[in-house]
Structures are given as structure tokens and as C-alpha cells.
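Each in C-alpha cells, the structures are laid out below.
Heads up, the next two complexes both have chain A, just with different partners, chain B and then chain C.
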Partner chain A sequence: MKLNRLYSFLKADIEEIEKELEVAIQSDSSLLQEASLHLLQAGGKRIRPVFVLLSAKYGDYDINVVKHAAVSLELMHMASLVHDDVIDDAELRRGKPTIKAQWDNRVAMYTGDYIFARALEYMTHIRVPEAHRILSHTLVELCKGEIAQIQDKYRYDQHLRDYLLRIKRKTALLIAVSCQLGAISSGAPEEVHKRLFNFGYNVGMSYQIIDDILDLTSTEKELGKPAGSDLWQGNITLPVLYAMDVPEVKGKIIRVREESSPEEIQSVIEAIRGTDAIERSYALSKRYLDRALEDLDHLPANKVKRTLKNIANYIGKRKY
Partner chain B sequence: MKLNRLYSFLKADIEEIEKELEVAIQSDSSLLQEASLHLLQAGGKRIRPVFVLLSAKYGDYDINVVKHAAVSLELMHMASLVHDDVIDDAELRRGKPTIKAQWDNRVAMYTGDYIFARALEYMTHIRVPEAHRILSHTLVELCKGEIAQIQDKYRYDQHLRDYLLRIKRKTALLIAVSCQLGAISSGAPEEVHKRLFNFGYNVGMSYQIIDDILDLTSTEKELGKPAGSDLWQGNITLPVLYAMDVPEVKGKIIRVREESSPEEIQSVIEAIRGTDAIERSYALSKRYLDRALEDLDHLPANKVKRTLKNIANYIGKRKY
Partner chain C sequence: MKFIDCNHQANIIHQYVEEQLHHSYLKEYIDHPYIDRDRIHFLLLPFAEADGDISLEEVQWISTAMLLQIALDTHEKVTNSEFDPLKERQLTVLAGVYFSSLYYKILAETDEVDLIAILAKAIKEVNESKISIYKGDHADITALMKTLKKREASIISNFFAFMDDSRWEEVVSDVLVYKRLIQERSSLEETETTTFLQALAKVSLPSALRESGLLKKKSEGHRHLLSSLDRLIEGVKAAVHRNMEDGGLIAPNLKKIVLELLPYAEPREMTKLYAEEG
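Entry: the complex of A and B
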């Protein structure tokens, strides 16, 4: 079962978003255009636009209005990936060379800036001042999350709350805001925005935890990037944090360096998988997923609600 | 005569902006806070806030409203400096080490992102949707200017129009928009926004040309960074472009590389100064300055207009 089967009734609108994304990154600068297009064609699940559109169904849905919010959120996500690649020194994303690997860090930085700017520009088509405040505040939080990630690298004395705050800022907030701004852009009632924001936040937390688990349980082929990348780069993810409860495993983890060999990384991954860290991480992801489903309980029962529920369940159970 | 003597009647409001700038970059992340504060304390002329405040005087001036636009524009400028330093591999700005030199490129990138985001967030206090559209569009153009600068490095076959478009996007637009958004945020009539936008654009063009001249005519002590930096980095500025009309000088210019020694750079600077390039550059700067003064002719004669005129003249004649 593929994710997009869950919202096939949105197919025409998703195609409209895809077209609009190409228009959005058009530029008279050939370098910029090439760099952005490259990123666009690498694909992605477009899960943020899907959340925008579904949430907008709770109000007065007009694709010609709502599409601006959907494009804006996807551009925001794309821009953060570009800057993420600069920071991660990543050479591959979704199995394709990153912008940074193909050009260089400087072009990647300005391409990211350009896409961020385009994202904000698109949102100005939504004539609700609140929408711009929310989006720019989200960008502020996103940056704080990124800086925290740099600061917390190889910091083994951190707590669960550090990790949770980081993934809130880096992932969950953008999904929460996709739901919220979808609802706002179609004039849905405030009570609905708030529920959908919480739903998106909980789905986002669940999603990122699964992502962090998969970094340790999937193959390079499934991930489109080397397994254990987070570990290698000193990102202390949830399973790593849990695994450190076992002193011998902690001893192995804190010896990981950027210079560590693939064999060393593999042996640390196996040590982590030998603990209950993966299982505990799945349990926490499940708790967020359950909360997301509870948030939906308060919304009217209809096709949109069923779809949101199916997507949440899909995300909470995906294998890669 | 110091620049700030020209607008001493704004002293209290400028101090308010300065305080607000400190609030704006406050963060619970110590790294981010330190990096931003460092930049703030390096100072600067705060010329963009001054243009915002002066332009706002053409409408219903309320410092508690207008200050958000002023802070936003200065933050926008600061963020672009941070990213500029990443791209320029600059180690000094205004005589102080850059964020990049003190920390590293990654922190500099996210600090810039953070400040951009804060800039956009501040502008959302101005309850005019047009203001957000203008600001995010300005950021789009700024990025295009930066990418063009990378692309045009060491490209000796470029034309005057390439240079002019680059400095428009990199410098003049942000000054134009400072004037425009100042006027918009105080509800000044549309005719006034447009005049002030043009005034700011022409002042900005004049300003950047002078800046590019000073890179070749000032000392390291006056500039706060090594003389001939642009030349060194392959940025083809107006005087360099004009000097290339002399074949022997062009021959020297196209041999400049990042590895060139300070002595080689000095000899190329002297060759350029031996042509009429500096004089012709001053003449073009003067033309923009004259146009800026013409734009003011159409505005009511008052203290604000006299001040704008004095600032424009000051900028057009500054020695460093």
C-alpha cells in the first residue's frame, strides 16, 4: 500500500501543487534555477501540502487560495533540507547527490535562502496577517532547532527533553503549522485550527522518532543514505539516548567519531539493537501517535478525518 | 561632521530601535544569542532604520508601530552580512572578527537564517499585508543578487548592466524598501511611497558605487578590512569594469587570483588608479545621487526632506 493511495481524491489538487512548485522556483538565474529544480525533481512525499489541503477541507476550500499555503509549506521544508545538507556534509539525499555535493556550500546556502524567501512570499497570497506571523515564527523556531542540533552534537549528558525539543523544532512544528495554516487559509473556526495544530504536532513527533529508529534499523538502500548517519555525525537520537542506559553500550557510543570506520559504526549499531532502545523508541512514537488520534476525536466525522487517521497510522508504522 | 548629526532630532527613536534590536535577537540558545549579539555590538550606521523613520514622517508617525519596520529592515541587513561573510570567507568586518571567523560556517549560516526569520517576524507587527509581500520579495531578490555575485566572479566579459543589476539587488533594493515600508507603515499616500522608493533606490546605487570605489582608494585601517578585497575575490566592481577598457590594465586584472600576494594586488590597484576608472565611477555615482535629489523635489518641503537631502549628499561624498 502506497501512502498516496490514502488521499487519491486529492490527486488533481496535488498535481496543481506540483506544477505551482515548479513555477515557484523559476528564476532568471540559471544556476539558481538548476539548483532548485534538481531538488524539486528529487521528489519527496509532499506530506506537508497534503496536510495543508486536508486541513483546509474543514473550512471554505478553494484550491486557488489554499495552494499558496501548500506550496509555501513544501518550499519551507525543501529550504530546510538544503541548509541541513550543508550542515550535515551530506552527499546523498533520497539516493541522489545533494545540491551541496553537486555545487558547493555557498550555492547551497543561497539556494536555501532563496527557497525560504519564496516560501514566505507565497504565503503573502493568504490575506490573513496571522498566517505570516505563524510562518515567520516557525522559521525562527526551525533555526533554533538547527543551532541546538549543532550545539548538542556528541553531547552525551543530554536529556530526553533536549531531544524532544529539538525534534519539535526541527520536524513536528512544520507539520503542525501545515495543518494549522491549511485550516486558517480556508477560514475554518479557531477551535479546528488548534485541534489540527496539535494533531500535526503529535504526528510530527511520532514521524521523527520513527525516522530516527530507521537510521539504525534500515539498510543504505532503503534509506537512500548510509545507515547510522546520525550516529556518525554525533546526533543523539532517541534510540541512542535510550541505549546509553546500558553502560557497556554507552562506552561504545561515546567512542564514535566522524573518522570512525563503517565497520566500527556497524558494531555500535548492533550493540544498540541488542538493547531495548528500539522497542522503547517505538513505544514513545506510539504514544504520540495515540495522542494524534485523540486530537482527531474532537473533529467532525467525515472522509477528511478518516484520511488524516489513515495517514497518521501509516506514518506511525512505516518501515522506511 | 558625523552622519548621525544630520538626524539628531531622531535620537530618542534611534535609541528605542537599538534597544528593540537587542530584544529581537534574544534567544534561549546561548550560542545563537552570543553570535547575534556579537554582530549587533559590532555596530554599523543603522542607515536603514533611519530611512524607515524619516519616511514614516510623511504619514501618521507612531514610533511604537514604525519601530517594527525599522528593526525588521536592520535585521534583514544584518542577516545578509552574516551570509555574505560565509560566502566571502571574510575574516574581518568593521575591524572585528566575523561570526564565521569566530565560530564556523555552519553556525554563521543558521545565525543568518535566524536573523532573517526574526526580520520577517518583526514585520508582521505591521498590519498591512502589502508590507510582508514587499519584504519577502526583497529577500528573494537579495538571494538572486548573491547567487549572481558567485556566478559572475572572475567573469571578465560582463557588462555594466550586470554590475548594476547586482548592486541593485544586493544593496539598493533594501534601502529603497526601507523608505517604502517606512511610508507604508505610517499610512502615507501611495504617491509618497513610490517617490521614496525611487529616492532610496538611487541613494543605494550611489552608495554602493562609492563603496566599490573606496575598496580601491582607502587603506585597510579606514575600511576595517584589507583594501582591494573585491578585486582579490574576483568581484568585478564598477571601477574594475571601467579600468578594463585599458588593455594593459585588463591584462593585469585578469591575472588576479585568490592566491595572489598582497604586493600583486597592490600593483593592480595602482594600475587601476592610474586610469580614469575612479573618476568615471564617481561620475556615475553622482548621476544616481542627482536622481535621488530630483525624486525629493516632488515631496513637500519640510525638515524631513532637508534631512533626506543632507543624508544623500553625505553618502555621495563620504570618504570611508
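Entry: the complex of A and C
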């Protein structure tokens, strides 16, 4: 089943968000617009807007208000992707050339900053100060997480808590905040938006762990980028950390460098797959997922709750 | 506000911005961001007639405009060169994003949603101008200068709009353009190319001259470009003087800053002569 089937009752509103995203990136500069559109049309799950809309259903739902938060969060995610591709010197994103590959680093930087500005402009339509305090705090944490990721590259003596803090900042917080801001923008009670934040956080942690597993178990075609990219770039993910419990495998892993050949990387991937690291990673992902489902137990039973539950389960089982 | 008080306020803002910029890991790899004191003074202009110190909230407003400028300047350092060290490039990208997220965080904490919006508009305008200069899509020098003015002055102009005080906009914009042109001139003299110099060459020199090598000192292209820059500098300088003479509202501290800046780049005799010869 496709993810979007799970929330088909939001179809009209999702289409509205998609149209609004195209409006948001319109610019006096044709190149900025073209580059932004290039990224927008590469697709993506739009999981953040979906969480915003679903969470907003717990309050006084008005698509004309809520769409500003939904569009803003997707644009912020897009801006971070454009910048990340410069950071990672990435050629492909979702199987298409990145902005920096299609044009160059400078165009990517201008486009990323432009999209970020548009995200903020959209967000300022939400006139709830708390929403801005939460989102801005998250953005700062996100940056700190990215900086820490650079700092931790090829650092093989790190611990599980380093990894968890990193993925919290890198992925989980923005999903958590998407859920919370949806609820805040529709005036849902504090107890509900805090619960939704926890739900989003746990789903986000589970999601990122699975992403990190797939980096080692999927094909280049499925990923839209070379398999093992994280490992190659020195990002120590959960399966890699677990695999290092096996001394012979650790010996192979710690030799990975930027200069390693594709064959060497493939050999390390196979060594990791030969341990129980993938299985243990799935188990931790499932623990976060279970916590997310527990969070939902505290929310009123309705169609939205069922949908959030289905999305969480879908994420737990996704294969690419 | 007396000039001495303005200086004191500028110190407070400078210090506040310094504290925000501090990041122990970033400072190991990237140059310490440049805090332009003149910009702080310009941002203080709407408060020039106030008695006493400005409030902490106002310090934060001005500091966020500074942080944003620094964030965009930091991203301008990301080049297309394959020879830039990878880690420096990565951290330069992240530093810019970090500084701009601080602007949002500080304003969100003071509940100043309107200023968040108006400065976001400024980021948008600056990046539209930057990409336009980078692609060199200007019909003539006038159009290029208009874009340059937007690139240099959007943040301050939008801040003035937030303060509902447009008295200083024209003269400050011109002074910022003037400062930029002086920097561009230095780059050219040091045979460094910039996106602006390339755009200027495109609208002011015939292609044969551009191809002769703009960065080779004493080449015809180089001399022509230097002469174009000097004419632009003189033009902007004259506009600033006119503005200062016409506007009776020029604050003493602004006048002092401007007068200190303006004589800085008298064109050298050689390029002056060259300009006259056409």
C-alpha cells in the first residue's frame, strides 16, 4: 500500500498544500524559481505537511490557517536539503541531479536561503508566539545537530547516546514540531499538542533509524543514491555502531575513509550485514514506534488517531 | 542621542552579536565573522533622537539584523571551487544557517513576529539580487547598480520600514553601495574576481576587452574596468553629498561616519586620467 492511501481523506487539502508550495517558490528571479521547482518536482513524501494537517484536526481546523504552517515546514525541510547537498557534495537527490549538480554551489546556496526566507514568511502568518518559539528553537537545535555530525565524522569511539542525540536533532525534532505546530495553529489544548510532539518525536526517531538501516540494505536504485553513502561519508549510524561490537567487523569499519574504494565499502557493508546489527537496529526502531503508539493512546479515538497509527506502522515497515 | 552615546550603544550591540556568534567548534575551522560597525550605527539611526539608552529588546532587534547580514555574508563565502577544503566548506554552509536560525530564535523569544516577517522579506530580496548579479542578467550599468543597492541595503531598508522611519534610507543605501564599490576596487587591484566585477565587465566592456583578461594588471580590460568602477564611485559619492546637503535631518553621528568614509577612495591620478580619455 502506498503511504498517501493512508490519508486519502486529506487529498483535497494535500493538493492545496502542493499548489501553495508552487506559489511559495515563485520569484522575480527565473533561475531561483527554476531551481526551487526542480527540487519541488523531484517529489518527496511530504510527511511534515501531512503531520501538520492531521494534528490540526485536534483543534479548530481551518485549512486557510493551517496551510501556512504546513507549507512553512516543508519549505524548511527543502531548504535544508539544498544546503545538505552542498555539504555532502551530493550529485543525486531522489534519483535526480541536485541543485548544486544541475547548476553549482552558489546557485544552491542562494536557492536554499531563498526557500528558507519563504518558509519564514509563511510561518509568520501564524500569529501564535509560542509556535515561533518552538520552531525557532528546533531550527537552532537542528543546526547544532548538523554541526555535531560533521564533528563526529569518522569518529569511531562514539556511543549510542551520541547517535541518538544526533538523529533527534537531525530528523525527529522537525517531525515532532510538525505535529505540535499543526495542533497549536488550530488552537488545540496544550495537553494534546505536547502529546503530539512526543508522538512525532518517537516516529521521527524510528523513521531515521530505518533510514539508516536502508542505507546499508537497499540498492542504489531504491535509494536514489549509492548504497552505503552514510558509511562512506563517515556518518556512524546505528547499525554501524552495533556492528562494531564484533571486533573483526570493527577492524574493517574503522578503516573506512573518504578515499576508500566502492569495493572496500561494499565489503564493509557485507560484513555489517553478516552481524546481528540490522536486526538490533530494527528492534530499537520498533521500541520508538511502540512509544509513539502509546502516545496516541492518550488522544481521543477518532479517524485522525487511526491514521496517525497507520502512518507510524507504515514507517516501521517501510522498505525504501 | 549624542555621538558618544551612540558609540556606547554600538558597543553593547557589538558585544551582544559577538556572544551570539560564539561556537567553539565553528571557530576552529571558519574565519571569525566580520561585524560591520558602520552597519550597527546605521541601524541605530531610528533611535538617534531617543533620550538615554535603548532597551534590551531594541538591542536584540538591531542584533538580529546584524546576525542576518553576517549569515548571508557567510554563505557568500561558499564558492564553486573544487580546491576549497571540504570541512571548511561544510562548516561555512552550516555556520550561515546557524546564524540565520539565531535571528529567528531571538525575535521569536521577544514575540516580534512582524520583524521576523520583514527581515525574511529582506533575505528573499538579497538572494534575488545576488543570483541576478551572479548570472549577470542586466541590460546596463543602471540596472546593475539598482540590483547592487538592493543586495547591500535590503536588510537595513527593511529594518527602517519596520521602525517606520524612512528618513535615512536613501543616504544609508548609497553609503553601503559606496563601501561595496570600494571593496570591489580593492579586489580588482588585488586581481581577485567577484560576481559583481564579472557582472560589471559584462555591461561595461566590449567582449573583446573582457576576453583580454580582466585580472591581468595593466591589461586593457583591467584598466577599463578600474575606470568604470571609479566613475561609479564618484557618482555614488556625489549622490551621498547631495543627500547630505539636501536632507536637513542628517544625524551628527551619521554625518561623522559618512565623512570618514567618503575620502577613503579618491581615484588615483592614472585611472582618473584614463576615465577622462574615455
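Assume the second predicted complex is superposed on the first by the 320 of 320 C-alpha atoms of A that agree within 3 Å, B and C clash if a C-alpha of one lies under 4 Å from a C-alpha of the other, contacts with A are read in each partner's own complex, and residues count from 1 in each chain.
Keep this in mind: a contact is a pair of C-beta atoms (placed from the backbone, for glycine too) under 8 Å apart; a residue touches a chain by one contact, two chains touch by 3 or more.
Computed from a predicted structure; not experimentally measured.
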Look at where chain B and chain C land on chain A after superposing the complexes, then choose clash or fit.
clash
Considering only touches as defined above, state whether A:Val86 meets chain B (first), chain C (second), both or neither.
both
Could you say whether A:Phe116 touches chain B, chain C, both of them, or neither, answering first, second, both or neither?
both
Figure out whether A:Arg318 sits in contact with chain B (first) or chain C (second), or with both, or with neither.
neither
Quick check for you: in the superposed arrangement, does A:Arg306 touch first (chain B), second (chain C), both or neither?
neither
Chain A residues where the chain B and chain C footprints coincide 27-29, 31-32, 83, 86-87, 105-107, 109-111, 113-114, 116-118, 120-121, 123-124, 127, 129, 132-133, 136-137, 139-140, 142-144, 146-147, 150-151
Enumerate the contact residues on chain B facing chain A in the complex.
27-29, 31-32, 83, 86-87, 105-107, 109-114, 116-118, 120-121, 123-124, 127, 129, 132-133, 136-137, 139-140, 142-144, 146-148, 150-151
Enumerate the contact residues on chain A facing chain C in the complex.
27-29, 31-32, 80, 83, 86-87, 89, 104-107, 109-111, 113-114, 116-118, 120-121, 123-124, 127, 129, 132-133, 135-137, 139-140, 142-144, 146-147, 150-151, 258
Touching residues of chain C toward chain A in the complex: what are they?
23, 25-26, 72, 75-76, 78-80, 86-87, 89-91, 93-94, 96-98, 100-102, 104-105, 107-109, 111, 113-114, 116-117, 120-121, 123-124, 126-128, 130-132, 134-135, 195
